[in-house]
Structure formats: C-alpha cells, structure tokens
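Okay, got some structures for you below.
Each of the next two complexes has chain A plus one more chain, namely chain B in the first and chain C in the second.
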Partner chain A sequence: MRDRLIFTGQFIFTLLVAAFLVVPAGLSISAGVTVNYFRGIQSGVTLQWVAQVWELYAGTILLSFVIAFATLAVTLLAGVPAAYALHARGGRLARIVEEIITLPLAIPGLAIALALLLAYGSFGDFRRSWLFILVGHVIFTMPFMVRSVMAVFATVDIKTLDEGAASLGASPWRRFRDVIVPNALPGILAGALMVVTLSLGEFNLTWMLHTPLTKTLPIGLADSYASMRLEVASAYTLIFFVMIIPLLVAMQLLADRDHKR
Partner chain B sequence: MSTAGHGAAVRIEACGKTFADGTRALDPATLDIARGETLVLLGPSGCGKTTMLRIIAGLELPDVGGKVLFDGKDMTSVPIERRNVGMVFQSYALFPNMTVADNIAYGLKIRGVARGERAARVAELVALTNITGLENRRIDQLSGGQRQRVALARAVAIRPGILLLDEPLTALDAALRDRLRSELNRLLRALGITTIYVTHDQAEAMELGDRIVVMRKGAIAQIGTPREVYFAPKDRFVAEFIGAANIVEAPVENGVLILPGGRLPIECGATTANATVMIRPETIRVTEAGEGILSGIVDSVSFIGDRQRLVVSDASSKPLNVDAPNTIQARIGDRIGLSIAPDAVRLLPSEPRD
Partner chain C sequence: MSQKSFVWFCLLPLAVVTTAFFLLPMARLVVAGAEGPHGLAGYLAILTEARYRATLINTVLLAAATTVVTLIVATIAGMFLQRHRFPGRAVLIAMLTFPLAFPGVVVGFMIILLAGRQGLIGDLSNRIFGEKFVFAYSIYGLFLGYLYFSIPRVILTIMAAVQKLDVGLEEAARSLGASPWAVQRDVVLPALAPAFVASGAIAFATAMGAFGTAFTLATNIDVLPMLIYTEFTLAANFATSAALSVGLGLITWLILALARSFSGSAVAAAG
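== the complex of A and B ==
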C-alpha cells in the first residue's frame, strides 16, 4: 500500500515535469496552425502560415541542409582519420591535440565567431559565401565526431585489429577501409547524426557569421520572431520540428541497437 | 599436406629495444632460428619476450644497430605487411565485422587470390583446425577455444614463412589450455613452418619447443632444448623458473656436499666453502630411516594423485621438496632416509641473491 502511494506520487511528479517541458512546444506548434493566436484555436486551423514561411524562408531551410551535410562531409573526412591517428599514436601530444579539438565546446560560439571574423573577415568573397559559416560549424561540431569515434576505438581494441590486418598483408589504406572504419561504424553513425543535428540548430556562431544572403534556418527563425506575426514564427518552429525530430529518433534507435549488441 | 615444409630461417642480430620513455625492454640479443624449427620464448612478464616477437614480426623497430634477417635477407626496415609472417595475438585480433570464413580468407583476398581458390583454402583450414560448421558465424558467437582456432587458421592461411604466436593459449581456462596445447603441437609439427612462440607457461614451452629461449629482465638467460634447460639449467633463475627445484647452498669437500643430514657425493665439485646446487624433487628417492645418504624429518605430505610431494627438513639447510611415489606411507614427523644419485645434483654458478 505504502509502495503504491510512493509510486503514484513519483509518477504524478514525473508527469508534471514532463508536461512543464512539453506544453511550450505544443503551444508553439498549435500557434503555427491557428488562424489568429490571440483569439485562440476557435478562430480556426490553417496551413497558411506554414505556406507563408515556406515562401519566405525556403532558401534558409535549403542552405541549412547544404551547410549541415557539408559540415558532415568535412567532419567525416577529417574527423575519422584524426580520431584514428590520435588513438593509434597515444601519448601526451595526442592528449593535447584532443583537448584543443574539444576546446570549442567550452568557448562561447560568439567568441569563436568573433575570432573567425577578426582573422578572415577581410577576405571579402569568402566572408560573403556560406563557406564562412561552414568553417564555424566544422569547428563547433568536430569534437563530437572525433570523440564519439574515439570512444568506439577505446572499446574494440582497434590497435590490435589494425596489427592483425597488417600481419595478413593489408596496406594502411586497406586496413583503414576493411577493418577500422567498419568497426568504428557505430561511433561514426552516432557522431554523424550529432553533427547534422547540431549544425541544423546552430545559432550563436551562425548569427555572427551570416550575411543577409547567407541565412540559415535558426537565423530565419530569429528574423521571423523579430519581424513577423507570432503565428508565422510558430509555423517556422513547426517546420524545424518536422525536420529535426526524425534525426533525433534515428539517433536514439542507433544508440539502442548498440546497447543490444 | 600442401602447407608442409615451407618456412624461412630467421636471424636477429644485436636487436635491443629502448622505448621512447627510456625504459629498456630488451638488451641487444642475437639469435638464430632454423628453418622449420619451433622456438619458444619463455619468461615471466616483462622479460622482453613479447618485444622480441614484435621486432621479428615488424611491429616494433629494433634500436639502431639491430638487424632482422629472413633467409639471410635484411628485413629490418620492411613493414609487417610485407614480411609474410602469420601472427596469432593473445587477444586473437579477429575482425568482428567479418564472419569466420571471411576472417580466414582476408589475407588471401589481400593477396588477390581468386574467390574459388580462397574458398578451397578456407575449407582446408577449417577442417585442419576442427572448426567445421562455424564458417558463417560472427566472431562474437564463438567461444574462446573456437576463436583461438580461427586466429590460427587465419594466420596460416597465407602460407607464411614464419608463424608468430603471442601467448595464444593464455586467455583460455586451464582444461581447455591443456587440450589445445597438444592439438597445437600436432598442428605445428604437421605444418613444419618456422614458428616462434611466446609464453610464460613452462609446460607449454616444454611440450611445443624444439628449443627454448629462457628470458629474464630483457636478456636471454639460456638457450637450449627442453631437456637441456630442464636438466642442465645455467643458473639459479632458470632452475627455479623451469619445473620445481631445490636450491641448496652448502660447502663441498673433495667431491662431497656437506649437508646437515649427511654427506652427499656429487659428480663435479672442487673443494669450496659455499657451492650452490640444484636437485630436482623427482630425483630424490625415499628410503627407510638409517638407509640412504641423507636423513631427514617429514614436515608435510601433499597427496597429488599420481605422486606425493613431501617436504623434508633437517636433511639440508633448507627443507627439501621430494616427489615420492604415491604408494609410500609417510607421516608428518617420521624420520626417513633420502638417496640421491651423484649425477642428479647440478652445480650452479654462485651469484648474489636478489
């Protein structure tokens, strides 16, 4: 009886906390499909705001995806070999490099953006292109890729597997392709989803680095909050949800699959 | 068998290894391994045996001046992937992303062997190592013993010139280890490949080795056949590391060892105030009290089954371990006689104790 009471109490508390977190998201989404938010849902349900957002901001959504996948490509091409090199080499130097790669996690995005602007702001064409934002995103997301790949390397004893493949005659490239990448795959996938998700949602850095012609989705969101009807901004949030939630679910499924193995 | 009778002769010349942090893992050592020979590197952990194996494999570079030669050809700067060595690692290093068959065939695939020929070779090795039926299993579905066999099959699939085994049985439990040891022995003899085998287990070394290299603290303590290192250990460390040994320190007078329990004639022995000798427990024969050469008191009796181990005090300065037949009736406190043949007593060089 007493256990039941305790359980019920905990359950209700959990529900309340969850509601506290979920209600704002629900309200925001519902606002995006309401004809007039101040009159409430009885004013009618509409997709006109969603359509309007699409009309005004389709470019920012597209650019966000371009940047997210370009960021992914760079972190894969540079991050996976870097993680392997850091793991294989070991020692103090590798630790220092790892710390440096991780540093952007601790530094405010604004500060990184400012440093990039100071250093490369005067290269006009580069400054005006989306590649400038890409650089910021790569700096910000690289530690997630490197760390999650290194975490896998630490559990599968990749060094001995590498030596095993070498003893069978495989060149360094073959070893990387046949043994190292396949065995690091769970970490690479987890890292990749993290990188794409973070890049799509990144605001701090991007806000400093963007130009009127290189707006990403979160920048467009801020823009619409500042200058549009509340319903339009909320519809924008809705679109963002629709894009980001499948990625989060995929990430979760992947993590589950790893645990089972 | 198609794999029989190949192998390279190995020579390492003045190969030492000092790691980047300054620790000396291996003193410069020179060693010749004949074609087709099975050489065991034996010693306690940290004695440099694995380092020596890794230098031969090409996983470590020897310090400047060291050389590794296969069939007289200098391989020192050739990386492992071009040395054509088969290697079995202590952790097996099987690829978790491949099936058993793919693991075994990997080296052949790298060498560009055609698919059909690869399959035939895999079938041959699966039969040879008794893992038929496991070809399509994933590595994490195998037991320890099965993994060990796959690792061995994979290493010999490429018809290596030299087979290198780094403590291949250490990860297994005792009963399985004994069974696989004799299986491995049969297999290595059948393959006739030059084999270098690292272990800290003297029973493995005895059974598998044509010759044993006993190592200690980065240096070679003795090289010899199993019989040589057992019966004629060069020093106290080898005597105590291989098998059980009574190490006795006593004065010698005209070829007779003077012990508290009696005077023991030995084969060689100029007069000296303090000689160190080794007596194996199984060379000591138990007799009635008053007979025999030495006299002592039974301190403890451990019945092992095929024999019993007595500890006898008063015969020597230190209690002696004696392996007696399991039929002898001995009780603690009994006075017994011991007889030892002169040639069973081995004089060791005296050395500072450590």
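== the complex of A and C ==
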C-alpha cells in the first residue's frame, strides 16, 4: 500500500515535469499553425504563418545550413586527424592539447565572441562575412568531434591495427585512410551529428558575431520573438523543431546501437 | 614521411585553428580587460563596484537556486524512471530529454508561451482567480528557463548513475532493518554524490554563463551575461566587458574543473 502510494506520487511528479517541458513546445507548434492564437485553435488551422516565415527568413535558414556544413567540414578535416594524433602520441602533451581545445565548453560563448571581436573585429571583410561566424562555431564544436572520435579509439585497439598495417609496409597516410578512418567511423558519425545540431542552434556566440547581412536561424528566431506576432514566432520555432528533431532521433538511434554492442 | 612526423602533421590543422581563433583572441581579451582607465584594477571592479558586485551576487544566487531545484527534480524523476518499468516509460523519457538541443533563445520563447503576456499560466490564473499571472520577463522567468534547460541534462546523468547503483547494498540495509527513508539517505544518495557534483556543476556553470534565454526574456534582467552584453554593445565599454567576461569565464571554468577533479568524469557546459 505504502509502496503503491510512493509509486503514484513519483509517477505524478514525473508526469508534471514532463508536462513542464512538453506543453510549451506543444503550444508553440499549435500556435504556429493557428489563424489567431488569442482566439485559439477554433479560429482555424493555417500554413500562412509558415509561408510568411519562409518569405521573411528563408535566407537565415539557408545560411544556417551553409555554416553548419562548413563547420562540419572544418571539424572533420582538423578534428579527426588531431584525434588520431592525440591518441597515437598520448602522454602529457596530448592531455594538455585536449584540455585546451575543451576550454570553449567551459567558457561562456559570450566571452569567446568578445575575444574574437576584439582580436579580428577590425579586419572589415572578414568581420562582415559569414566566415566570422564559422570560426566561432568551429571553436565551439571542435571538442565534440575530437572527443567523440577519441572515445572510439579508446575502445578499439587501434594501435595493434595500425602497427599491423605498418608491418605490412603501408605508409602512414594509407594507414590513416584505410585503417584509422574506417575504424573511427562510429565516432565520426556521432561527432558529426553533434556538430551539425549544435551549429544549427548556436546563439550565444553567433549573436555577437553576426551582422545584418549574416543572420543565422537562431538570430532570426530572436528577431521574430522580439518583433513579430506570436503566430509567426511560433511558426519559425516549428520550422526549427522540424529541422532539429531528425538529428536528435538519429543521435539517439546511434547511441542505442552503440549501447547494444 | 616517418610515423612521428605524420603524427605531428595530423595535429597541425587543429593547432593552427585553435591558436589563431581561440588562444590569441583569449589572450587579447585578457589584455583588453586591463586597458581601461583603471588599468589592471579594472579586473577588481567586478568585486569593488557596487553595481557589478550586486549583479555577480544575483547571478550566483540564481545559478545556485537553479542547480539545487534541478537536482531535486531530476533525482526524483530520474530515480523513478530508472527503477520502474511501465507502459509509456520510453515516451516519458523521450519527452524529458528532447529539449536537450534547444538553444537558449528557444527556451526563452517556451517560457514566454508559459508565463508571458499571452501565456498559459496567465490564461489559467485569469480564469480561476480573475487575475493574470505574468512573470516571464523577470528573474523568475529566467529561473524557470534555466530549469527547462538543465532538467533534461541532469536527468540523463542521474539515470545513468542510478543504473550503476548496487541494488544489493540497499537490500542489505533493508534486511538490517533500515527504513525506506534511511536507505535513501544513507545508501542511495551518498552513492549518487559524484553524479550530483558532475551534473550540478554543469547546471551551475550553464546558468552562470547562458545568454540566449535572458536575451529573449528581457534585456533588463540583472545577470552577468546581460551586463557584459550591455556594457559592450550599448555603452561601448570594451575594457569593462572584457574584464567581466574574463571573470565569468574563470568562474565557470573553475567550477567545472573542481567538479571534474572530484567526480572524475568529463563535464561540459554548452548553451
């Protein structure tokens, strides 16, 4: 009886917490397709707000994808070899390097953005281009790629594989391409999903680094929250959910698969 | 190319990117903090100037409250979800963790939908009490936003920690006559301490440094990230904002480093 009571109490509590998280998201989704939120869903269902968002903000959505994939490209090109090097070399230097590249996770994005502005703000062309935002996103997402790949190296015996290939006469570059990268693929995939998801949603750095001509999706979101009617802001948020949820589901599936192995 | 030089070559792109776009700018930031009219003393302004100190205290209190409440909520829910199997459990877990990828701005909007001028809480309170409760645009709204942000993260850590608990210890305590409450207090909670420290540190550091939520809710909420932002953009007070952000960065980094040395697990704050 008493256990039953505790169970019910905890269950209701957990339901309430879930409601706290889910209800506003649900409100936002419904508001995004409602003719008039103030009058409620009875006023009718429409896609006019989504269309309006597309008209006003399509550029931000496009730029966000460009930056997310450019960030992914840079973190792949710089992060995957670095993860291999850090694992192969090991020791103190590797730990220090890992510590340094992880720092951007511990320091608020606002501080990193200010640092970038103070250091490079006077390089006008660079400052005005989307590459300025790209740089911030690369610094912020790099640790996720490097760590996710290093986590795989810690579980597969990459050293034996590497030495085996070396003893057969494979050059370092061939070993990297044919042995290291294929074995690191699960980590690369997990890191890539993380990098794209984080880049698409990044606001703290981006708000400081953007210009009126380089607005990303979260910047547009903040803009619509401040100046558009609730239905438009909600429709925009809805578009963001639609973009981000497949990535989250893919991440979850990947984690589950790793878990089962 | 020898193996050794190939390894160095692999590290090169990362070293270049990190040095050029992180280490150098951060060094510039630290220097800029001392370039104000007061020189190095600019760094002490965060403690000596009454307005900044009040903001710092405000931010720390808010972050601490967020951490404590999040830990309590996440422990109750996380323990429940990990210990019981019932239909709909997977859906409930998915609901509790899906806001993980929401940026701070979106969290701010969620709070506006809950407690803003056209929000659900105001609507309900208007019908029940005939008065509209609107608190999204105050520090309470921000508190709610930080809860929204940190609960999913902390629940995941707690659930993982509960899964690793040795159920045998609890059974032993019970068989020795300990009450359910005593088992929780003396066996379960101490065993979860490392998870509390690790996830609590993340919640605290994130709440200290998060900017997007505060930005969406209102620009006049008195927390450190908003102060840095207004000093930089509105007052063009570069030295002060640099000194304040170095201070903020040091605080969050220190908390995470301390937590890591205590709990031994890697922690990260994002958002």
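Operating definition for what follows: the second predicted complex is superposed on the first by the 248 of 261 C-alpha atoms of A that agree within 3 Å, B and C clash if a C-alpha of one lies under 4 Å from a C-alpha of the other, contacts with A are read in each partner's own complex, and residues count from 1 in each chain.
Going forward, a contact is a pair of C-beta atoms (placed from the backbone, for glycine too) under 8 Å apart; a residue touches a chain by one contact, two chains touch by 3 or more.
None of the values given here were measured: they were computed from a predicted structure.
Because the two structures share chain A, they can be overlaid on it, and in that overlay chain B and chain C fit beside each other without clashing.
When the shared chain is aligned, chain B and chain C each come close enough to touch A:Ala166. Contacts of A:Asp157 after superposition on the shared chain: chain B is touched, whereas chain C is not. For chain A, the partner touching the most residues, choosing from chain B and chain C, is C. By the touch criterion defined above, A:Thr8 lies against neither chain B nor chain C after alignment on the C-alpha atoms of chain A.
Looking at the shared chain after the overlay, A:Ser43 reaches neither chain B nor chain C. In the superposed pair of complexes, A:Thr211 makes contact with neither chain B nor chain C. By the document's definition of touching, of the two partners only chain B reaches A:Asp178; chain C does not. No C-alpha atom of chain B lies closer than 7 Å to one of chain C in the superposed arrangement. According to the touch criterion, the shared surface of chain A, contacted by chain B in one complex and chain C in the other, consists of residues 166, 171.
Remark: chain A residues 6-7, 10-11, 13-15, 17-18, 20-25, 27-28, 31, 37-38, 74, 77-79, 81-82, 84-86, 88-89, 97, 100-112, 114-116, 118-120, 135-136, 138-140, 142-143, 146-147, 166, 171-173, 176, 197-198, 201-204, 207-208, 218, 221-222, 225-226, 230, 233-234, 237, 240, 244-245, 247-248 touch chain C in the complex. Every residue of chain A that touches chain B in the complex is listed here, in rising order: 91, 156-157, 160-161, 163-171, 174, 178-179, 182-183, 185, 261.
Contact residues of chain C toward chain A in the complex are 1-3, 6-11, 13-15, 17-18, 21-26, 28-29, 32, 73, 76-77, 79-81, 84, 86, 92, 95-96, 98-106, 108-114, 118, 120, 147-148, 151-152, 180, 205, 208-212, 215-216, 225, 228-229, 232, 238, 241-242, 245-246, 248-249, 252-253, 256-257, 266, 268-271.
Every residue of chain B that touches chain A in the complex is listed here, in rising order: 20, 57, 59, 79-82, 84-87, 89, 91-97, 106-107, 110-111, 140, 154-155, 158, 164.
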